[in-house]
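What follows is a pair of complexes built around chain A, which joins chain B in one and chain C in the other.
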Partner chain A sequence: MFQSFGPDDLLLIAQGAVVTLVICSLAVVFGGTLGLALGLMSAGRIAILRWISAVYVGAIRGVPVLLIIFFVYFGLPLAVPGTDVPDYLAAVIALSVFASAYVSEIVRGSIAAIPRGQFEAAEALGLSYWSRYRFVILPQATRIIVPPGIGFLVVLIKDSSLVAAIGLMDLARSGNIVASLTANPILSYLVVGAVYFVICYTASAFARRYERRLSTRAVAPGVGDSLVVGSGVEK
Partner chain B sequence: MPLYFGDLIPYAGELFTGLLISLGITAVAAVAGGLLAIGLYLGRASRRALPRRLAGAYIEVIRNTPLLLQLYLIYFALPQIGVNFDPITAGIIALTLNNAAYVAEIYRAGFESIPTGLNEAAAALGLSRRSTFVDVQLVPALRNVIPPLTNQIILLFLASSIASIVAVPELMHVMMGITSETFRTVETFVVGGLLYFGVAFLLAMTSKLIETRVIRWKVA
Partner chain C sequence: MIEVTDLRLSFGKTEVLHGISCSVAESEVVCIIGASGSGKSTLLRCMNGLERPSAGSIAINGHRLGPGEKPTDLAVVRRDVGMVFQHFNLFPHLTVLSNITLAQRRVLGRTAQQSEERARMLLDKVGLADKADRYPDSLSGGQAQRVAIARALAMDPQVMLFDEPTSALDPEIVGEVLTVMKDLAAEGMTMVVVTHEMGFAREVSDRVIYMDHGAIVETGRPDELFASPQAERTRAFLSKVL
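Right, the complex of A and B next:
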């Protein structure tokens, strides 16, 4: 009745890993884009946009990821009658919504970490809003975003396991299936756990290395730095 | 189907009970995990290699695998070797073990942020060992630890919803039950979401209050 743990089971787990990586990548693309927009909104000067962004981010960060996943999967079809949200689409939407709120916070924090002088200099040069961000602020913010961004990526990969609850055959659910096929849950979950660990640990290790490189390589002082009050000595 | 919250009124008691269970397992896991984390931190900061490696490996493994999987292992896999837990116990164990790894890292960051120069200064001033530890290390470290610690408790509370997957009768599980009985899915999720958000918000406010009122007077 039960098969012993074999290559077929490893294949199933590998397929699950692919599903997990695909939905997380899509969530990074969509959630990252939306998060960048929300982050720019909250760092901007228009009060209503700041307010919208703050309410959205606060609401998403204040509820469990599982609730977002269930809401998209069970709730959306009711809100728009006659539609049916397939599990993979629900997973990508829910994880994107979840990711956007966190990415927004990371983007906002990174922009806030850019010295004010940079904004003032860009404005003094007569750059438009978009040019200011495109050529001056975001290139510098990107370097600051990477470590916490990867930290969040690890959180996203781990939390993406919750889509197993709506039946999507991701890495976590493949572990469930293999556990019941082989009647060897300990081995099945340990293998699945090892796959998660390898993915997440690689990402964390990369972030740590990047951070070390950032902190060891001295940033060349900008020409105007010494002229700006609040830069240099106090830091 | 237009939104109608009236159908949920008979379930108010159930929702409240679910919220209390969520808060209960969060509280137990927060305290137990916080204590276990002291051991992990001491292991990690130890001069001996073995405890350092063991604690380090534990922390890395927990932090790089999903809580859901840890719960699966405890609830579905351990019975294979004759260890059985009821859902609530399994949920509390998983949340505690998970929380401990994160809190140990918070303790570490808190103590590491104290410059070593302060210890030397304390020695130069002739402070006793006890006074050096308490006044120069512990109190400033606590000041650094409390904000991330309360943030971790909020994350833990939200993560406690995962226990619903092994049928712990907490808030998320109650919500799923209500949706299948009333088909008021959106309404139930709005109410449940507000409950989660409300608690998370209150915890965040408490954290701010502690940061500004309680810790400030201890600033060295």
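Right, the complex of A and C next:
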């Protein structure tokens, strides 16, 4: 009645890996965009926007990812009667919401690490808010955002396994299925774990390469010394 | 050109400028001197809207900053007023050339070619034509400050504000920045300079303002103010720094 671990099982796990990659990529795009907006709101001067951002981030960070997934999957149809939220859509929304709160904090922190003089010089030159951020602040903030951003991406990929709880056939759930089909949970989860590891390790390797590239191009502010850069020009 | 009227500014409950009134005429070079914490940098920063006064007003070419100001006036003032900072504040991720062309393109709407021509002309003027493609990190302090001056000049300002432009520099390179500033003054640029360089104030400025504890104590032509200060506080300050 049990089959032995074969190519079909590997195929199922591969399909699960694709699902995980797709929902995480979409969560990075949507959550990243929303997180950037929230981060800009919390770094800005308008009190009401700062407050909205703080409440949102505080609420999301205080709730387990699994609950966010359940809220979206079971809550949205209740909030808007007649809608049916497919499991993959619920997963993408929930992970985006989750990611946006953390990205917002990373963005806020990186903007706070940019020396005040950079904002002032950009203002004194008459640059508009958007120009200041687009050409002066965010290019510098990006260098600070990338390492913790990739760190969070790894967390996101691993935590995305919780979407298995609403039945989505992601990498973790495909491992579950294969484990019960083959009655070989150790081998199944080893393979699944290896796939997670490869995905996460690749992401980290990108981050390391990015940091190395930055350090060879000696342009301030570097990663880690961001809080003590004065002007970045006195040597 | 600049008309400051009963300007007051508070940080929280502490008032740091207590009703300042002064004016700067076209082509005039005014130096503001005084001890640290006397409010001279704060006054200067009010002149381009980096600090927002709690009462009173500043008019620059008829554009008024202060409580109830119009956003359009702030934009015009920022365009007309160039500022040079103590710590240069060059954009570290941009080359020297891009530092100077960025605002020309985004604020004045100049083309890449126009802004680059202007930038190269100004770099030549401050003696750094060969540094156009370098990054700010690779410049000495004196070079960085001259680039910062070129960056401000590229906007064709009517007024240039200098906030202790040589205070972060090693003594032996202060001169190269002061030379650029002297040339600028000689060309008739309207300048307001917060400085500890008494030699520069005496030699280049048309008028010196001495500030203490958020108020103007004394104003006068440099030869008079340095030679025979009227107020007791001015005398005490000058005897310490000269």
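The working rule: the second predicted complex is superposed on the first by the 212 of 235 C-alpha atoms of A that agree within 3 Å, B and C clash if a C-alpha of one lies under 4 Å from a C-alpha of the other, contacts with A are read in each partner's own complex, and residues count from 1 in each chain.
FYI, a contact is a pair of C-beta atoms (placed from the backbone, for glycine too) under 8 Å apart; a residue touches a chain by one contact, two chains touch by 3 or more.
Just so it is clear, the model here is predicted, and its values are computed rather than measured.
Asks: For A:A164, decide between first (touching chain B), second (touching chain C), both and neither.
Replies: So A:A164 only meets chain B here.
Asks: Could you look at A:Y201 and tell me whether it touches chain B, chain C, both or neither (first, second, both, neither)?
Replies: The first partner, chain B, only.
Asks: Should A:S131 be classified as contacting the first partner (chain B), the second (chain C), both, or neither?
Replies: Only chain C; A:S131 stays clear of chain B.
Asks: Go through the superposed model and pick first if A:G117 touches only chain B, second if only chain C, both, or neither.
Replies: Only chain C; A:G117 stays clear of chain B.
Asks: Pick one for A:A172: touches chain B only (first), chain C only (second), both, or neither.
Replies: first
Asks: What is the contact status of A:P7 with respect to chain B (first) and chain C (second): first, second, both, or neither?
Replies: Neither: A:P7 stays clear of chain B and chain C.
Asks: Which chain, chain B or chain C, is in touch with more residues of chain A?
Replies: The larger set of chain A residues in touch belongs to B.
Asks: Name, in rising order, each residue of chain A that touches chain B in their complex.
Replies: So the residues of chain A in touch with chain B come to 58-59, 61-67, 70-71, 74-75, 78-79, 81, 154, 157-159, 161-162, 164-165, 172, 175-176, 179, 184-186, 188-190, 192-193, 196-197, 200-201, 204.
Asks: Show which residues of chain A lie in contact with chain C when the two form their complex.
Replies: 115, 117-118, 120-128, 131, 135-136, 139-140, 143, 218-221, 230-235
Asks: Under the definition above, what is the set of chain B residues touching chain A in their complex?
Replies: Per the touch definition, chain B meets chain A at residues 1, 60-61, 63-70, 72-73, 76-81, 158-159, 161-162, 164-165, 172, 175-176, 179, 185-186, 189, 192-193, 196-197, 200-201.
Asks: Going by the contact rule set out above, which residues of chain C touch chain A in the complex?
Replies: Spelled out, the residues of chain C in touch with chain A are 48-50, 75, 78-79, 81-83, 85, 87-93, 102-103, 106-107, 135-141, 144, 148, 151-152, 155, 168.
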